[in-house]
Every structure is written in C-alpha cells, then in structure tokens.
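Same chain, two partners: chain A is paired with chain B first, then with chain C.
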Partner chain A sequence: MPDILRGGAVLLAVLAVAALPLLTDGYWLSIAVTIMMYTALSTSWALFSGPTHYIALSTGAFYGIGGYLVATGMSDFGTSFWSMMAIAPFVAALLAGAIGIATLRLSGVYFVIFTLGLAEMIRNLVSWVQNNFLGSKGLYVLTELEERHIYWMLLVVTLAVFLFGWRLGRSRMGFALRILGNDEEVARHVGIDTARTKVLLFMTTGFFAALVGAIVAPRYYYIEPNVVFSPELSFLVVIMALLGGTRRLYGPLLGVIPFTLLWEVVSASFPSATTMVLGLAFLLIVYLIPDGVTGLIGKLRKRSVP
Partner chain B sequence: MTPGETILEVRGLTKRFGGLIAVNDLSFDVREHEVMGVIGPNGSGKSTTINLISGALRATSGSVLLEGHDLTAARPHETARFGISRTFQLVRILPALSVLENAVAGAVLGHRQRWGQEADAFAKDLLERVGLADKISVPVSALTYIDQKRLELARALAGEPEVLLLDEWLAGLNPSELQVGIDLISSLRAEGRTIILVEHVMDAIRSLCDRCVVMNSGQKIAEGTPAEVLSDPHVIAAYLGDS
Partner chain C sequence: MNRRNFAIASAAVALSLAFAEAPQAQEPIKFGMVAHLSGPLAGGEAVTHLPNVQLWVEEVNGRGGLMVDGKRRPVEIVQYDDKTNPAEHIKAVQRLASQDEVDFMIAPYGTGFNIAAAPIYARYKYPLVAVTAITDEIHELTAKFPNMFFTLGSTSGFVEGVTNTLKTLQSKGVIGDKIAMVNVADAFGIELAGVAREKFKEAGFNIVYDKSYPLGTPDLSPVMKGAKAAAPDAFVAWSYPPDSFALTEQAIIEDLDVKAFYTAVATAFPAYGGKFGNAIEGNLGAGGVNPNTDAMKAYRKRHQDVTGKAPDYWASATYYSALQVLEQAIEGVGKVDRAAVTEHIKNNAFETVIGTIRFDKHNNSERYWSVGQWRGGQFVAVADTGMGDSVAPVAKKGWK
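Coming up: the complex of A and B.
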C-alpha cells in the first residue's frame, strides 16, 4: 500500500511540475527551464562521480557537443533539429568512452585536470574547425520550439535520468559502483570489471549531457562554439551536485534549485563577480558541507533520533 | 578431509621488479581440500606469489592453472570469477558499506553469484559462520581488528571460491584472538575448503597445513609436511639468517 501511495505522490508531483508552463511563461518559466536543465545534468553527473568520487569536469564538453552538433547540422548540413538531437548523445557517449578508457589509470586530481584540459581542447578544436572549414555564415538554430516545449522535453530527460538512477541503485552494477568507490582493489578481487563499469557509467553521463545540450540549443538561436562548450557549466554542475549531496538520487536537485536562483541574481546584478562566487561557493561547500544538504539532513536526523 | 585431485598448478612462476626478482621460478601444486602453507622470511616473495595467483600482478614468466584454466594473464576480476578469492595482508574493509553489504560484496559478481535476498541470506550465514552474528548491524567503523579480519574472510568466502588465498590472515592478532583465528581457519579446513595460507605464525602452520612451501629470496627452498620442512636444515638456516 505505501508503495502505491508513494507512486501516486510522485505522479502528482510530476504532473504539477509539468503543468508549470500553463501558469507562467515569462521570467519564471525561463528560470524553470534552467533548473530543469541543471537537474538533469547534475543528477546524471552524480550517477558516475557520486559513488566513484571521480570528479569529472567535462560536462561542458558533452553539453557542447549536443548544442554544436544541432547547430552545425542545421546551419551547415541542412539536417533537422530532431535528427541531430537523436545523433548527438551517441557521439558524446562514444567520446566519453574514449575519455574513460584514456583516464582509467588516472586517479584523484589527475582525473580532474585531465577532464578539464580535454574539455578545453575540444572547445578549441571545434572552434578552429568551425572557423576554418565550415560555416562562415554562423550557426543558427531556428526552430518553432518555444520555451515551454523545451521545458517539457527537459522534463522527460530529467525523468529518464531519475528512472535510470533509480534502476541503477537497485542493480548489481550500482552496487558494484559503490564497491569500487570504496576500494578499487577490493572491487577487482570480488569479480568486478572496474574498467568496464566506470567507462559505461561515464558514457551514460556523456549521453545525457549531450541530449540536454541539444534540447536547449534552440534557446540560444545563434551558437558560438566558444560559448556552448562551456567550462563554467562544468563547474556549475559539480557545485550544484555537491551542494545537494551525491549520496541520494534526489540530492543534486536540492543543490540545483537554490544555486540556480543565486546564480541568476549574481549574473544579473554582479556580472563581474561570477567567477569569484563560483570559487567561493566551491570552497564553502567542500569545507562546510562535504556531504551536501542531504548529508546534513541525514546527520541532523540521526542526532535527534538517538 | 583427504586431499583430492590437483586443483591449482603453479609452474615456473617468476616476477621481476626492475632488477629485483621477487619470485623466482616457483612451482607447486595444490590439491582439492588441501591447506597449503607458504612460509618464508620477510621479503621472500610470499605476498607477491599471492598477487600473481589472484591476478593483482602480471607474471614475468611462468603460469598458473586453476582446474585446467590458464589464469596467467587473467585480471583480478577474471580470477575471482574462475574461483580465486583472497584476503589482503593489510586488511581492506569497504568503509562506507554496512557489515552485511561488505559480505554481500563478495557474492554479487564472484564465482557463484547471488543477488538480492538470496545474497543477503547467504552473507548472513557466512557472517554467523565467522563469528560476526551479533555485529551485523554495527557500523563498520566500530569493528575491532579481529572483526575486520573476520569480515574480510566472510567477503572472500561469499563467492564460494575454489581456492581461498589468505595472506597473513592471523597477523596482528593478540594471543587469545590468535587461538580463535586458528580455530576458525581450522573449521574451514574441516569443511573441505582449499586454502593457500601465507603465515608467519609457526603454531598455525603446524596445526593447519597439510603441506607447505618454504620460500627464501623468491625461491622455493623446501616443500613437504610442516614437520618435514621445519626440521629441514636449509629452512632453519634461512630463518636464522633472516633474524
């Protein structure tokens, strides 16, 4: 019975969230789109980086692939938005697979730096190719899609990420990920193919990030490779996920909502201070709430119920 | 139980670390239901041998066969699935997992795989078996040293291995714990498990091993029953030379 109740509650919540564009279509809808986008990105980021503690700073690269492929496909090759949106996630997953294989032997800070450096390299490479060989006409993403359509598509992706994460948490592979996050040596010796597990999960996060990037591309109208391959986005995704906490599936969501709102205020009122806020937020979170909001709530609960 | 057919064959196993030959042309057989001791002074290559068999290290030359399967080039997750389980010289517990999950970890993708309630039930039995019945809901961080060792043993047993590798499982136990530990391994032996036991504690070697291999500087210098090898002049010289 409680299962049915919980299922009903989730369904109601989803319907309420889906109804949001019927209530508002201006500023608040655009904030809701941003929240939905970061929820999908941070939650899928946490699927890999949460249990394994491999902090990947490459989300911007995969997101960029999504946005860029849609833009170049539509502007330079005359393909449709929908076909590019379908292709981009697979391209990103392949790239993530290659990065995964290349970084298998790297641990800790080396992995972080490698993913960041690689994302920058991809950004520069794509800009260079675009400027030298492709459209001098610029990359336009002109569709009939309105903000609410984008919102609904992102909602579907977010639900897919949650469903995937929920299934993963109950699967052998999810358990294997937790074991390897604790001790890779032990993980290998209990029969876990750690390399395969890590690469597959990393590919999944790349897949979702590119899908999100493709869906929000129409929001930009004009795409600049230098902008869409955003290192700032990579950092934001990490900060939001850490703020919410990665131990629970809904953790990142609790970081995304407050931080998106804070970010809106900062970028509107103090645009020159964004980088500083980013760094400050990172320090504060790592020092004060290393397990995020959900970790904090868990701790308080334990204290009050002895 | 009386030893059966040969289950594990180690042939000419050699491991070089740069100029150092940690294991040098080592050969021995282990039979089913047998407890095979591996002894030798510090740095003689015992752990390296365990690491070669479990796939943690890749052999420079030589081979390891388990029931006819060539494990020489196998990676650790492959040897685990073929039926090699191990504990570590420095105990390795999964700190963020519960006691039960630590034991289940060995069952999920090991030699005989279990999942869900079946794995939980199996792991619970094993935890009782190794003496952790009353610690199942204790946080892992609160376990004493011997309990951590027990938990690691339960994890190693959870995949129902063909061969269990114990690298100084008794090291670091105090005298009363030591007897408990020896009794526990003795009960595994009585169940007919096949075990390779790396050990410094001579009492344990004498009471637990059917046969043992003595290593010195990476080479096998003796093989036989504990009584035979411990009275062998080469072995005595190796140990005296070491201290």
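Coming up: the complex of A and C.
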C-alpha cells in the first residue's frame, strides 16, 4: 500500500513539474531549463562517481560532443536534429568506453587530470577535423523547438536517469558497484569484474551527458567548438552533485536547485565574482559537508533519535 | 524554503547600471545590454561597444532624452555580464526581458551571441540591430527572426573585399600572383579561409602557402618562417586579435618581404597602430573607415573627448550608427512601441555617422567598408560594398 502511495506522489510531482511551462514562459522557465539540465547531468555523474569515488571532470567533453554532433550534422551534412540527437549519445558512449578501458585502471588523481584534459583534447580534435576536412560555414542549429520543448525533453531524460539509477540500485550490478566503491580489492576477490563494471557505468554517464548536450544545442542556435567544450560545466556538475550528496539518488537534485539559484543571484549582482564563488563553494562543501545535504540530513536525523 | 525565497528576492533586486546622471523628472526609457565584461571577447567589447554606449547615453541625455509621447525621457542602461558564455548570455537576456522589463535592447558583441539572443528578442519583439555579426546566412536568419537587422556585411563580402584589393595591387604591378595564406583554426577563421581559397583561385591567384594554427597558439614563428620560405608576393591571415598582433610581430622579426600584408580582426584597433607605429605603414586589415567625412570627424572627436579613448577604425562607428538607428526609429514612432519601432526601421532611412543606412528586404544594410589600410596613422578604407568612398590601395613599404 505505501508503495502505491509513494508511486502516486512521485507521479503527481512529475506532472506538476511538467506543467511548469504552462505557467511561465520567460525568466523562470529559463532557470527551470538550467535546473533540469544540471539535474540530469549531476545525477548521471553521481551514478558513476558516487560509488566508485572517481571524480570525472569529463562531463563537459561528452556534453560538447552532443552539441557539436548536432550542429555539424545539421550544418555540414543536412541531417535532421532528431537523428543527430539519437546518434550523438551512442557516439559519446563508445568514446567513453574506449577512454574508460584506457584510463579507469589509473588511480585517483591521474584519472581526474586525464578527464580534465579530455574536453580540451576533443575540442582541438574537432577544430582540426573542421579545418582540414569539413571547412566551416558557422554551425547553425535552426529548429522550431522552443524553450518549453527543450524543457520537456530534458525532463524525460532526467526521469530516464532516475529510473536507470533506481533500477541500478536494485540490480546485481549496483550491488557490485557498492562493494567496489568500499574496497576494490575485496570486490575483485569475490569475483566482480571491476574493470567491466566501471567502464559500463562511465559509458552511461557519457551517454546521458551527450544526450543533454544534443537537446540543449537548439537553445544556442550557433555552435562554436570552443564554446560547447567548456571546462566550467564539468566543475559545476561536480560541485552541484557534491553539494547535494552522492549517496542517494535524489541527492544531486538537492544540490542543483540551491546552487543554480545562488549562481543566478551571483551572476546578476556580482558579475565579476563568479569564479571566486565557485572556488569558495567547492572548499566549503568539501570541508563542511563532505556527504552533501543528504548526508547532513541523515546525520541530523540520527542525532534527533536518542 | 528560506533560501529559495531569499534567492528569488535577490534575483529581483538586480543590479542596474546607469552611466549618466540625467534629469530624473521623467521616468527613463530602459535599454538592456548583456556585455562580455570578462572572458575571451571582453577585449573587443571594451574597444568597440562599451565606449559607444557611454557616448550615446551621454549625448542623448545631454539633449534631455528621447522624444516620446510629446516629452523627453532620459535613457538608462541596465547591464549584465555574461562572461562570454552563451548559456549565461541567454539567461541574462531573459532576465532583462522579463524581470527588468527593459523597453529596448542593445545588440551584443559577436556573431554567435547575436544569433543565440535572437529568438528571445523575437519573442519579446525587441528590434535587434546587430553590428558585430558577420555571416553568410543573413537571409535565412532574418526570415526566421524578422526583427533582426544586419549592418556590417557578410563573410563573402569580406573575402571579396580582400580579393579586389589584391587584384587592384596586381593590376598596378605591385604584387605578383603568389599568396601565402594562414588562418586560425576556429569558426570564423576556418570559414573565411574556406571562402578565400575559392575566390583567390577564381581571381587567378596562386596560393603558395596554406596553413592553419590552433586558437591560442603562443608561438607563431614557425608559421611565419614557413610563409617566408614560400617567397610570396602577398600575405593574408584570417586571424583573431591575439594572433593579428603576434603575426605582425613575427613578420617584423622575420622581415617578411611582401608588398601586401593582411591580418583580419583587430588590425583596425587603435592599439594595433599604437603598438607598431611606423612599422605597419601600408598594412591591410579587416574594416577601415572613411575618416574624412564631417560626420566621421565629429564622431571621432566626441568619442575621444567623452570616453578618453579613440574609437576603432571598423565596427565602432557602425555600432554607434546602429544606436542612432534605434534612437531615430524610437523618436520617429514617438512611442515606446517595439513592434512599431521594428516596422519603422524596416521602412525608413537613417542619417548616421557612417552615412545613410537603409535596410533591404532581407533587413540587411549593404553598405560597409571591408578592407582598410594603415596610412599615416589612420586606417583608411580601401575596399567596400555600397559605400563607394574607399581609396585605392598602395604597396606596403618595408618594416623599418
């Protein structure tokens, strides 16, 4: 019975969120698109980085691939937005697989550095291909899609991420992942194929990041490689996920909403201080709430029960 | 909940920046502006856009403001920084339109930003008189966004300007047919180089060196050495500001012996002339103006007096002219009515510091200078589309 109730509540909440564009189509919708986008990105990021503790700064790279493939497909090859949107995540997932096989044996800090460089490497590769083979007439993404359509598509992706995460938590693979996160050595000894598990999860985050990048591309109309492969995005995703906490599926959501609003206030009122705020937020989160908002709530709950 | 409420409240109390103190008897007309105060395009913004906005506000408010509804209302600028980030840009435009509820908008800097902002301008019916947006898709874009106007020309127009300039020099026997061409491997550079490859060949030139370098390359000496080794008659670089400076520096070091030397963006900046002095006499670059009309002379003097800086020799005057178009259209309509102002811009001619601006049926003004040449401390137009007042190009004399 409680399960049905809970399911009903979730359904109602989703419907309420989906109805938002009917209430507002201006400023708050653009904020909502940002929140939805970062929720999908942070949650899928946390699915991999939460249990494995690999801090991946590659979100920007995969997101960029999504946006860029849509743009080049539509401008250089005359394909439709929909087919490029369908292809892009698979390309990113394959790439993530290749990168994962090559790098997930690297431990901790080496992996972080590699993923940080990845966006820059792909940006240069893309520029090189454009310069030598495609030429460029400016990459235009001209569609009939409006902000609310983008919002709804992002909502579907976010729901898919949550559904995937929920299924994962109840699967053998999710169990394997938790053991792996606690102690990789133990995991290997009990017969878990740790490399395969990590690579598969990394591919999933790449898949979703590229899908989000592809969906958001029509919002910008004009794509330049040095703009879509932004390192800032990778950092924002990490900070938001850590702020919310990565132990629970809904954790990143609790980080994304306050941080997006804070970021909005800061960019509106203190335009020259945004980078500083980003750095301070990072420090404060790591020092004060290492388990994020969800971790904090859990701790407070425990304390209140004698 | 508290945090959220706080955020909502703070977002509403957005920072607004009025440049000039105007007599506040009448309620001001608000103009929204999203500027790149930081990030890669902040330099161009600071040279070409911001001083002109300052100058324009001061001039208009000096007269008491814009004449609407039979009385003068001062203008006020509401400005945000987007850190040269399109996502931030869109959010800021949206904020201006629906939170600050500005009456009009001032066009942003850069092709990508004008296009990214266009749909929001269209939704709220803001006329968008774009300046620093150069594209070959003008017809498609204005069909999609009928409130968007273009003033600084197309990619093809720019390459044609360079081709014609080189052709003129060739026919005078100044240069032969050998061109060394380099480009920055980024959107604008790749596009221009692609068009130029065709146009140069059509015009009978021989590209003896064709090389690109990544955006942000710190050392361009190999590029210049390679170009020199090809012994060209003319050197053409489809470059961005940092590399326009760096390539010129390398050309001086290598003493590249060409009679035509072209670098694209930033050659028209006063800082370019200021840095290289006499060494760049005869250098060619994107832009140029006719500095000898009365309107242009007066504009350059006022710009210097009010902002303490010289305007650039390319988009500065056009940007100021775009503000004049907006100003005259608002006064022509006599009301703060954005749709009517857009219609007025489509159907009328405007007297500006670059002469008369009139838009064709594709909202495009086919009057712009495309190539300039440094002559005695000024960057004078030597090729144009529809202007008809550029002078003939001359040979570049050595670097010393």
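Here is the rule we go by: the second predicted complex is superposed on the first by the 301 of 306 C-alpha atoms of A that agree within 3 Å, B and C clash if a C-alpha of one lies under 4 Å from a C-alpha of the other, contacts with A are read in each partner's own complex, and residues count from 1 in each chain.
Here is the rule we go by: a residue touches a chain if its C-beta (ideal position, glycine included) is under 8 Å from a C-beta of that chain, and two chains touch if they have at least 3 such contacts.
Note that the structure is predicted; figures quoted are calculated from it, not measured.
With both complexes brought onto chain A, simultaneous placement of chain B and chain C is permitted, the two fitting side by side without a clash. When the shared chain is aligned, chain C comes close enough to touch A:31, but chain B does not.
Contact with chain B, but none with chain C, is seen for A:182 once the two complexes are overlaid on the shared chain. By the touch criterion defined above, A:192 reaches chain B but does not reach chain C.
Once the two complexes are laid over each other on the shared chain, residue contacts for A:261 go to chain C alone; chain B is not touched. In the superposed model, A:53 lies in contact with neither chain B nor chain C. Touch criterion met: A:130 reaches chain C, while chain B stays clear of it.
Touch criterion not met for A:167: it reaches neither chain B nor chain C. Touch counts on chain A: comparing chain C and chain B, the chain ahead is C. Put simply, the nearest alpha carbons of chain B and chain C end up 32 Å apart when the two models share chain A.
Residues of chain A touching chain B in their complex: 172, 175-176, 178-179, 181-183, 185-186, 188-194.
Those residues of chain C lying in contact with chain A across their complex are 3-4, 7-8, 10-11, 13-15, 37-38, 40, 80-81, 83, 85-88, 90-92, 94-95, 97-99, 111-112, 115-116, 118-119, 135-137, 140, 144, 183, 185-188, 190-191, 194, 212, 214-215.
Chain A makes touch with chain C in their complex at residues 26-27, 30-31, 34, 124, 127-128, 130-132, 135-140, 142, 219-227, 230, 232, 257-258, 261-262, 264-265, 267-269, 271-272, 274. Contact residues of chain B toward chain A in the complex are 54-56, 75-77, 80-81, 85-86, 88, 92, 94-97, 101, 104-106, 108-111, 113, 115, 155, 159.
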